[in-house]
Every structure is written in structure tokens, then in C-alpha cells.
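Worksheet for the structure shown next.
Letters are used for the chains, namely A, B, C and D, taken in the order the chains are written, and counting of residues starts over at 1 for each.
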Amino acid sequence: MIVYILCFALLLVGIYGALTKKDLIKIILSLGIMGYSVNLMIILFAYKKDAGYAILVKDAVSTNMVDPLPQALILTSIVIELGITAMLVALAIRLFEKYKTFDITKIRRLSG
Amino acid sequence: MTLQNRSRLFVFIFSFLVWLALTSIRDLEEVVAGLLVAALVSAIAGKFLITSEKSEHIIKRIFSAIKYLFKFLWEMVKANLHVAYIVINPYLPINPGIVKIKTKLTKDSALTVLTNSITLTPGTLTVDINPEKKEIYIHWIDVLSKDVEKNTKSIGGKFEKLLTEVFE
Amino acid sequence: MILPFLIIIPLLAAFLITLISGEKDNWAIVLSILAVISLLALALFSFFTTGNDTFIYEMSGWKIPLTICLVQDAFSMYMLVIVNLIALTSLMFSVTYIRHIAAEGAWKYYALFMLLVTGMNGVIATGDIFNLFVFMEIALFSTYALVAFGGKAEEYEAAFKYAVMGSISSTLILLGIGVLYSATSTLTMANIAAILPTINPQVVFWVGALFLAGFGLKAAIMPFHAWLPDAHSSAPAPISAMLSGVLIKALGVYVMVRIFFNIFGGLAVFNTIFMVLGTVSIMIGVLLALGQWDFKRLLAYHSISQIGYIILGFGLANPLGILGAVFHLLNHALFKSLLFYNAGSVEMILGTRNLKKMGNMTKILPVTSFTSMVASLSIAGMPPFNGFFSKLIIIVAAIQAGHPVFAFWAVLGSLFTLASFMKVQRYGFRGENKIEKPDVGASRGMKSAMIILAVLCLVSSALIIPGIREVTLDPVVTVIMNKTGYIHEVLGR
Amino acid sequence: MKQTEGMTLIVKTVTRVSVWLIVLYGIYIIMHGHLSPGGGFAGGVIIALALLNVMLAYGGNFVKRWVNIGFLHDIESSSAAIFLAMGILGMAMGGGFLANFISKGQLFHLLSAGTIPILNIIISAKVSMGLFVVVWALSIFHLDKGGK
């Protein structure tokens, strides 16, 4: 039970960072922390007590395996996060070119 | 045979051997696939491995390499004991600093092995290298002197002679 | 067999565009328009052949609990028709507009656009909840890039804000999917719906809260609306039309309705939340819009308000309310896209979005100002345009369901909408500024896109005529009302 | 000290000697994706890292001379198109999108599992080229042009 609570705490750390930090790069890192905490949580959902890894091995019969599906889901979501992070970094670089700063409080041409 | 093609041939042979080690020869499929993969790897990344001609014969160089290995291990044991002595000494007699040494080696690979050997030896750590001036900058835990020639002899000199035989 | 092609065609078009187009964007335009026309034809054909049936497509020859399935029923086909219709007009509008804002590399726009269409079609067609997440991310990813496509500082700023908010909401949705999977051990939506009543009912509330926040942010319902005005007003005009017209519906409203009605079984507590949030969105959106002088920003705030009507209609959860909401989905897509095209055409030719700097547009841009008149009347709810009927149905349904308070706020919101669009017409298109006639006018593609949508604004009122309604809107309402019927239809038991 | 492109001689030499090994290992992971852990994605990432290793050690200009970036772009988009073509081929052979229409063969042999090894290779081409091109695109921004 404690691991789920710790995962949730990590998620909250990420949300806190994404909402309060002023630096673009720190915001991107916070989003990464959020994503990792959720990935960790879903991997933990697959855990089964005293279970082996879910790989078919030659000449070995394993009946008790962990759930392999969340691993596939996590691989997909990691790829998605990679893409989004690259996108955010590219946007941050472009913003730096335009505004000469990474400080989000100074990037305020849009209002209202 | 040009240098690049020789490099490709070497990469091909090495790749094939490594592939056989990875897959542990089970059936013909794996061996055929290994030949194809080795050809592919040598086509993509083959031209990097060998970039310069060596003067000595290959057998002689292998002997020198083995000799160098033992020499290096011996130096490492000595340096280990020295550093261990410094660590357990209650007065901690250290005098850290960065020193410059000269080297006579010319080949890239020789320089790399020399600097990595210096880094692996406890007490010394390569910080930077200037290949044009043949200078290596080293962080030393116990700087004994500020003389470049003397330092060259005590840090790099012990490896240099054998490395010349291996790589030049 | 039609269903997978709705996803394959735009995806293939996207990659072929990156492969074959060089410096010029001619091939990209041809390919993407061909792809979207075929998509629209497929969607229309399957919408009219579906009726009250449900067809399942199982991927890669496996059977349902093991595979990703695509579900074809009246609701998903209805949404697909809307998406591909707006995509077609948006592409027609894009050709000149994108050449205007980006001199080189315009083919990238079409590749991203096809990815956006792929994502939305996938979200609508899929019957697997994780696959839904993946397609949603494809759509959002291309949207982030498209919002920033113009390369101005404001656009990067808006895209960054949008991307940060979008990532947060996606993470919450992923967490919700994970919790749902751990509770039910399946990802097929119909199976989840079948298993949910047998387990602890608390799970539904936790997951519902996560999904409400996540998809609510995508739909820009009131407390989660902050990103919308920036992103929708900064994007290039055809993309604003896609975002406001269909993206927030496909990714937000459609998915919410699927999950909360067909999977969770339309719980009363979520219906109440929908009604309250919808009403708040109507009022706050329209009040914020009233004070705007930036044309596109005003339209973006109206999107919040109009989405409020749709959410209110779904929250009422009686057949009439859902009918109104479903009808308003189509109507809002039509007139909001049209209004964004008008704004884009004005911005391209006059170089301004400020209503105070416009004037005597009826002389300069006759087609634009005439179609904007149609769209304004339509969004403000004037008969005989389509907006009137859908809003009327929602308001009548609110009274019928015993919520006269919500009906009152909806009427008030409609009046404010009228006021705000009278401002647009009075100061913007029929303003007093005397502006010289510019050299270039709207191109043929732009004009035809606007005229098509203006005609559809009028024609789509006919959907409410009983004979036509029974083959178009009623099957959609049946799918949504027939909550747990989704399970039997999909699983075939 | 003279500033040359890329990193110091030591890194360059080590990269030179090890890049073929990284590529080989990536290909091994791809080819045995249906027999052991790994597969197209993991192997593709390893191959992309080999390319990135060269890029970091030797600098961008060297990589531009070594490989044709436009060609890598083309590999990336065409591999996605080929993937879809494989899917449609599955439909044509009956069984649905991406159906496994080749004979499955024997378990634990290199030539088995039908279309999965082929799809692994296609995915690895997509992933490796995509990842490399993304980092390449980010690296050609010039941040020092901005700044105060």
C-alpha cells in the first residue's frame, strides 16, 4: 500500500512543480516527473506476489507470471512522453529565441 | 588494399565473432544471419576502426600488448598500495593539484590508451589532452614536483616505451 | 471493413506527404484533399448504412478481449462525418492562407494536418480505452505543432501553454486508465462496462473524477478553460476552426459522453456535475467574450460558452436534452468554423484582428461579411438558422426535466451571445472606418469553404424535420440513451 | 587551447573503436525481438544512440559528411508507410488489419513468428531514424544567437 501512496506523492510533486515553477525547463521537468510517477503506478498495478517475469524461456515452464500488459502500455506511454517532451523543448528554445528569457512571468504577450 | 577496406574487413570478422558469441551457435539460420549482419555493420560503421598504418608486425605487437598488460597491472598494484597508505595514514599526506606532462606518442589510439591507463591508475586522473602540443593535463593526488620533465618520467614514462611498441 | 480505413488513409497520407513533397506543397495539397474527400465519402456512406446497428472490427484476427476493436455505431459515425466535413472545408481554406503565412515548408502543415485527422478519427472509432489515449496524444501532438506553425512569438507562447496543460490532463487520464485497468483487468470499453457494476462502486467515482478533470480540460469546460482562448486565437485560422469546431468535441465531449454514459451507465451525480459546469461555462464564457475586441479571441471565448450548452444538454440526460446536445454538436462545428474562416480571411487581407480597426467590409469582402452575418445569426440563435433549433431544444428539455433555473441561464447566455455578435457586426463588418479596397481578395478556395458552411448552416436546420430526424439524429440519441446496451451490442450477448 | 569541433581526442578514439559494437548489438536486439526481451523499439533506440554517440564525439559537420540526413528522413517516413502496407496486406490475406499471415514456424528459431520479425525491423528503422533526427533537429538550433 505504501508504494502506491509514494507514487501518488510523486505525482503531486510533479503537479506542484508544473503549476508553480517559473522556469520553462523546470516546468518541462515537472511534467516528466508526473509522467514517470503514473508509469510507475501502472507498473505496480501489474505486480503479483511471488511471480516471475513474463517471458517464455526454452525448456522452462513458468505458471506464475506478472501481468505483461501494463509493461506494453508503459512502453507506449514512454514513447508518447518522449515525443511531447521533445516538442516542449523545441517550443522552449523557440520562446528563448523570441523573448531572450526562460522566465515564464516575463513571457506574457498574451493576456486575458 | 586501402586502409578503409582493411578496417571494414576487420569489423566484418569481429562482428561475426561477436554475433556467434551472442547467439551461441545453434543452427544454420543464426550463422547465415550473422554473416549478413556482419556485412551490414561493416558497411554502416566499418570505416572507423583502423585509421593509420603500423610499422611493426602484428605478432610482435600482440606480444608487446600482453607485456604491456602485465606492466600495467603491476603499476596498478603499486599505485593502489600507495593510495591505500595515504588513506589510512592519520595525517592524510596529500598535496593535490593539476600537472602537465609531455608525451612522445603520435597515434590517436596510443594516446587514448595512455590517458586511460593514467586515469585507471589510482591517484592520477587525466583531465584534458592537447594532441597538437603532445601535452596531457593530469590531476594528481600527491604532487611531488612542478617540473614537467620529472613528472613526465614518473607518470607517463613507465607506460610510454611499451605503448610505442604496441601502437606505433 | 470500412472502419480501419478511416484511420489508415489519413495516416498513410501523412507519411506519403513527408516522403514525396519537396520544396513545393502542390503534391501535399493534392494528396491531403484526396484523402479527406475519400474519408468524408466513407464516413457519410457508413453513417447512412449504420442506422441502429453496431458493427465491430477486430484488429489482426484476434477475438475481443485480446484485441483492439473498432466500434461503428450511429454516434461514432455521426462524429466522424462532422470531423471530416470540417477537415475538408478547413483544407480548402488552408491552401491560400498557409502560403500566405509560411512562405516555405508549407507541406509540413499538411502532414501535421493529416496526423490531426488521424488522431481524431482514431479517438472516435476505437473501442479500446488505451488506444483512445494513444490516438488522443497523436491528435494533441500535431495540434501543438500546428498552433505554433506561424512562427510568431505569441504562437509559441500559446502552444507552450497549451502543451503544458494538455500534458497535465493526459497524465491524469493515463492514471485513470491505469486505475480502471487494475480494477477490471481489461481495456476493451465494453468489457469494462460489463465488469464495473460487479465491483466496488467507489472506483467509478475516483476514475470519474480523474476523467472529468482530464477530458474536461480537453473540452475546455469552465474551471479547466484557461488554455483555450490563447491557443485558439493564436493558431492559424483553419487550425482554429479545426480546434474549436471539432477537436474539443472529439477529444472532450465525445469521449466524456462515451465514458460517462456508455461505460459508467449515466450516474446521476455526474449528470448533475455536467449540468452545473455546463451552465457556468455558458455564462462565464459569454461574459468574458463580451469585453473582447480581438475577433478571434472573442470567438474562442464563445467556444467555451457553446460547449457549455452541449454539456448542459447531455447532463439533462432526457431524450430531448440529448437530442439538442447532439444537434448542437453539429451546429457549433458548422458556424464556429465558419466564423473562424471569416476571421482568418479578414486577418489575411487586412492584417488585423481588432474589431475597432475594421469597417465597411461589405464592400471590400462581400462573401466574408455575408457569411459572417449568417454565422452570427446562427450562433446567436435566430430562426431559421440551425443554432436556434438546437438551443431551443436544450432549453425546452431543461424545463421539461424540471430544471427551470438552468433554462433561464441558458436563455440569458443566448441573449448575451446575440449582444456580442451584434457588436461584431456593428463595429467590425459594418463599422464606420473607411478602408481602401486592398489589391488581393479572398481566394476561390476560401470563398467556397465559407459558402459551403453558410449553406450548411441553413440546410442543417432541416435535420429537425421528423422524417429526416429519424434517420439522422434519432439513432445517435438511441445509442447514448441506451446506456448499458453498448455492452450487449459490442460483446454480442 | 585550440577549440576543435566535438569532444577531446580520447572520446573520439573510444567512439571510433566502439561504434560498430553498438550497432551490432542494436541489430542483435532487433533480430531476436521475437525470441527474447527487446524488439524493434529497444534495438532502434540503441542504433540511434550509436549515431548520436558519433554526433556528440565528432560534431554535427562530421555526421553530415558521413550520412545523408535527408535520406534518413526518407527512411523514417517510408518505414511508416511500409508498416501500414504490411497492415493492409494482412487485411488482404484475410483476418484483419496487421493479421499475421505468414507461417509461424517453430518456437525459438530465428525464422519464426510470422510477420513479427519483419514488423520489428520496420519499427526499428522508424524509431532509430526518428530519434536521431529529433535530436539532430534540436541540436541545430543556435541558442547563443539569443541570450543577453
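Heads up, the rule we're going with is that a contact is a pair of C-beta atoms (placed from the backbone, for glycine too) under 8 Å apart; a residue touches a chain by one contact, two chains touch by 3 or more.
All figures in this text were calculated on a predicted structure; none of them were measured in a lab.
Of the two chain pairs considered here, A-C and A-D, the higher C-beta contact count falls to A-C. Rounded to whole angstrom units, the spacing between the C-alpha centres of subunit B and subunit C is 63. Averaged Cα coordinates give subunit A a centre that lies 28 Å from the centre of subunit C. Centre-to-centre, using mean CA coordinates, subunit A is 40 Å away from subunit B. Separating the CA-averaged centres of subunit A and subunit D is a span of 23 Å. For subunit B, the set of residues that touch two or more other chains is empty. Under the stated contact rule, the graph of chain-to-chain touches falls outside the line, ring, star and complete shapes.
The touching residues of subunit A, when paired with subunit D in their complex, are 55-56, 58, 75, 79, 86, 89-90, 93, 96-97, 100.
Every residue of subunit D that touches subunit A in the complex is listed here, in rising order: 36-37, 41, 107-108, 134, 137-138, 141, 143, 145-148.
Residues 1, 4, 8, 11-12, 15-16, 18-19, 57-62 of subunit C touch subunit D in their complex.
Within the complex formed with subunit C, the subunit A residues making contact are 11, 14-15, 18, 24, 27, 31, 34-35, 38, 41-42, 45, 67, 69-70, 73, 76-77, 80, 83-84, 87-88, 91-92, 94-95, 98-99, 107, 109-110, 112. For subunit B in complex with subunit D, the residues that touch the partner chain are 11, 14-15, 18-19, 22-23, 27, 29-30, 33, 37-38, 40-42, 44-46, 48-49, 51, 108-109, 111-112, 115-116, 126, 128-132.
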